[in-house]
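Letters A, B, C and D name the chains as they come in the text, with residue numbers starting at 1 for each one.
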C-alpha cells in the first residue's frame, strides 16, 4: 500500500513539475508578443496597450488554471496513462494562449480573434473537465476527489458561458470579452470544494 | 544500501527535472514560430495553418517522449555519468524539433524539410534507444528495467519506419508524413511493458 | 498536525517550483531583447551596450527577488489561497521586467522608459509586501515569519525610494537610475532577519 | 543536527531547481537564434550551418556545466547566502551564451565574436571556481567537497587555456575554436574526483 502511494506521488510530482514548467513558459512567453516600441515617449506605448490588456486577461486565466490544477492534483490519489495524456491535452490548449492573445491584442479585440480566443478558452475548459474525469476514474467514484468535484457545476457553467459568449463576439465584441472576464472572476474565488476537502483532511 | 537508493533518487530527480524543463520549453517555444498574423479575418489565419498542423504533430511527439521518458526513468534503478550524457544527447535532438517543425510548416511540408524533420525524429529515436541501453547497463542485465524493455521491439520498429519513411518524402511527401503519424500513433498507446512492471511492483 | 505540515510543504513546494520557473524564464528571456548585431566588429556591439547595462540591473533585481522569496518561503509555515494569488500578483509585475528593460535599454535610458521601469519595480515591491502580509496572516501574528519580518523597514524604505526616484527621472534620468541601483545594493546584503531566524532554528 | 541537514537540503533543492530552469532555458533559447530559412531546399540551410555548429558547441558546454554543477551540489553539504549569489553569478555568464553563440555563428566565427565567446566562457569558468570556493567555505576545509575538489587543477587549467586561446582568435580564429573544443573535451570526461567521493559514500 505504501509502495502504491509512493508510486503515485512520484507520478504526481513529475506531472506537476512538467505542467508547472509549461504554464510558467506560457505565462512568460505571452509577453514576447509585446514588441518593445522604438520611441521613448508615453504615446509610443499606446499601440502596445491592447496587447497589454489581453496579456493581463490571459495571465489571470493561466493563474486560475495553475491554481485549480494545483488543488485538483493535490486531492488526486492516483495517476495513470489516461491522466498523463489528459493533462498533456490540457497543456496543448493552454499553450495556444500566447498566439490567440497576441492575435486578439494586435487586432484591437476584433470579432474573429475574440471568438478564436474564446474558442481556445472553451477547449481548455473542456480539456480540464476531461482531466478531472480521468482523475476520478483513476481514483474511484467514492474517492475524496470525486466528492470534491461533485457534479462540477462551476466547470460546466464555464463551458456554457463560453458557448454563449463566443457567437456574441460577432454581434458585439465587448460582450464576449465581458463573458470571458465573468468566467475568470467566477474562478478567481478559490475552489472551495477542494479547500473544504483539504480542510477535512487536515483536521 | 539505503544510502545508494537515496543517491540514485537524487540523481534521477535532477535528471528528470532538467529534462522536464527542456521538454516544457521545446513544446512551448515551437509556438513562437507561429507568427501572429496582422489581419483580423479568418483568411489571415490560413498561412499559419501548415505551421499549426506541424506544431500539433511535434506536440504529440514531445508528449510521447515525455511520457516514455517518465515511465522509463521511473523503472530505472541506477543513474551514472553515461546516463547523464545519453540523456543530454536525447535532449539535443529534441531541442532541434522547433527548428525543423518551423521549417516544415513554413514550406508547406515540402520534400527536403519533411525529410529533415524525419531525420531529427530518427536521431531522437536512436538517442532514446542509447539512453535505454545506458540505463540497462547501469542497472544490470537482470534488472526490472531490462525485463521491462525486453528486446525493445517498438523502439526498433520506429527506427525502421523512419528509415523507410524519410526517403519516401522525396517521392511523395504525404507518405512520409503518414509514416511519422503512424509511429506517433503506435506510441500513443502507453508503453504496456513499463506499466506492467510498475503494476507488478505495486501489488 | 504532521498531516498539516505535509500539506503545507506540498503547497510550498509547488508554489516555489512555479515561481522558480517564471523567474528563470524572466531572467533568460530578457536577453532575447538583445538582438544579435549583424557586423563582426567591436563597434557593432556598441548599440547593444545600453541594453546590456539594463539587463545587468534587471538580472540583479530578479536575483534579489529570487533570494528574498526563497528565504521568506523557507520561514513561512502556512500557504493558503490568498498566498497563492499574492504570489501570482508578484510574478505578474516581475514578468513585465523584460519589456521595460528592453524599452529602457533601447531608448538609452530616456526619461519616460526610466520612469516606467521604476514603476514596475515599485509595483513589484508593493506586491512583495502584500505577499509577506498574506504569509503572515496565514501563519499567525506570533509566527516565526512575523518575527522575522518585523516592521519590514527595508521593504518600506524601498517603496519610499522608488516613489522619490521615479519623478526624478523627468529631471535627470541618471538620478533615478542611481536610486534604483541604491535599492538593489541595499538588498544585495542578504536579509539578516530571515538568516537570523533560520540560525535560531538550526541551533 | 537533522534539522540542519533538512535546512541545507531545502536550500540545495531550490538552488538546483532554479539553476536547472535557467540552464534548460539557456540551452533551448539558443536555438531561437537559428532563424527558420524561407526556402525549402537543402541550400537554404547553408546560412544556418555556422549557427548550428556554434549551437552544438554551446549545447555541449551547457551540458558540461549542468553535469559538473549537479555533481558538485550533490557533494556540497552547506548552502549559505554567499553560495546563492555565487550561483547567480555563474548563471549570469551562462545566460549570455545564447547571445555570443548567435553573434559568433552569424558572423561565421569571425575574430572578435570568437574572442568574445571565449571571454564569456572564461568568465563562466571563473564564476564556477568562485562558486566552488564558496561551497567549500560553507562546508569547511576538511569537508568531503574540499577533498573532492582538491586543488581544482582541471578548473584552473581551463582558465589558463581560455586566457591563451582568446588572444589567438585575432591571429587565427580556428585555433581559438580548437582551444574551446579542447577544454570541452577535457570536461566531457566526467569529474572523477566527485564520482570517487560519491562512490566512497555509497560503499
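In the analysis below, a contact is a pair of C-beta atoms (placed from the backbone, for glycine too) under 8 Å apart; a residue touches a chain by one contact, two chains touch by 3 or more.
Computed from a prediction, not measured in an experiment: that's the story for all the values here.
Visitor: Write the angle of the rotation needed to overlay chain A on chain C, where the fit uses Cα atoms and the result is rounded to the nearest 5°.
Guide: 90
Visitor: What's the farthest chain from chain C if centres are computed as the mean of the Cα atoms?
Guide: B
Visitor: At the chain B/chain D interface, shared numbers over all numbers used: above half (same) or below half (different)?
Guide: The interface of chain B with chain D is built from mostly unshared positions.
Visitor: Go ahead and note the Å separation of the Cα centroids belonging to chain C and chain D.
Guide: About 26 Å separates the centre of chain C from that of chain D.
Visitor: Please list all residues of chain C that touch 2 or more other chains.
Guide: In chain C, residues 17, 21, 24-25, 29, 32 touch at least two other chains, as defined above.
Visitor: Across the complex, what residues on chain C touch chain A?
Guide: 3-4, 7, 10-11, 14, 17-18, 21-22, 24-26, 29, 32-33, 81, 84-85, 88, 91-92, 95-96, 98-99, 102-103, 106-107, 110-113, 116
Visitor: Which residues, counting only chain C, touch chain D once they are in their complex?
Guide: Touching chain D from chain C are residues 16-17, 20-21, 23-25, 27-29, 31-32, 34, 36-42, 45, 56, 59, 63, 66-67, 70, 74, 188, 190, 195, 198, 201-202.
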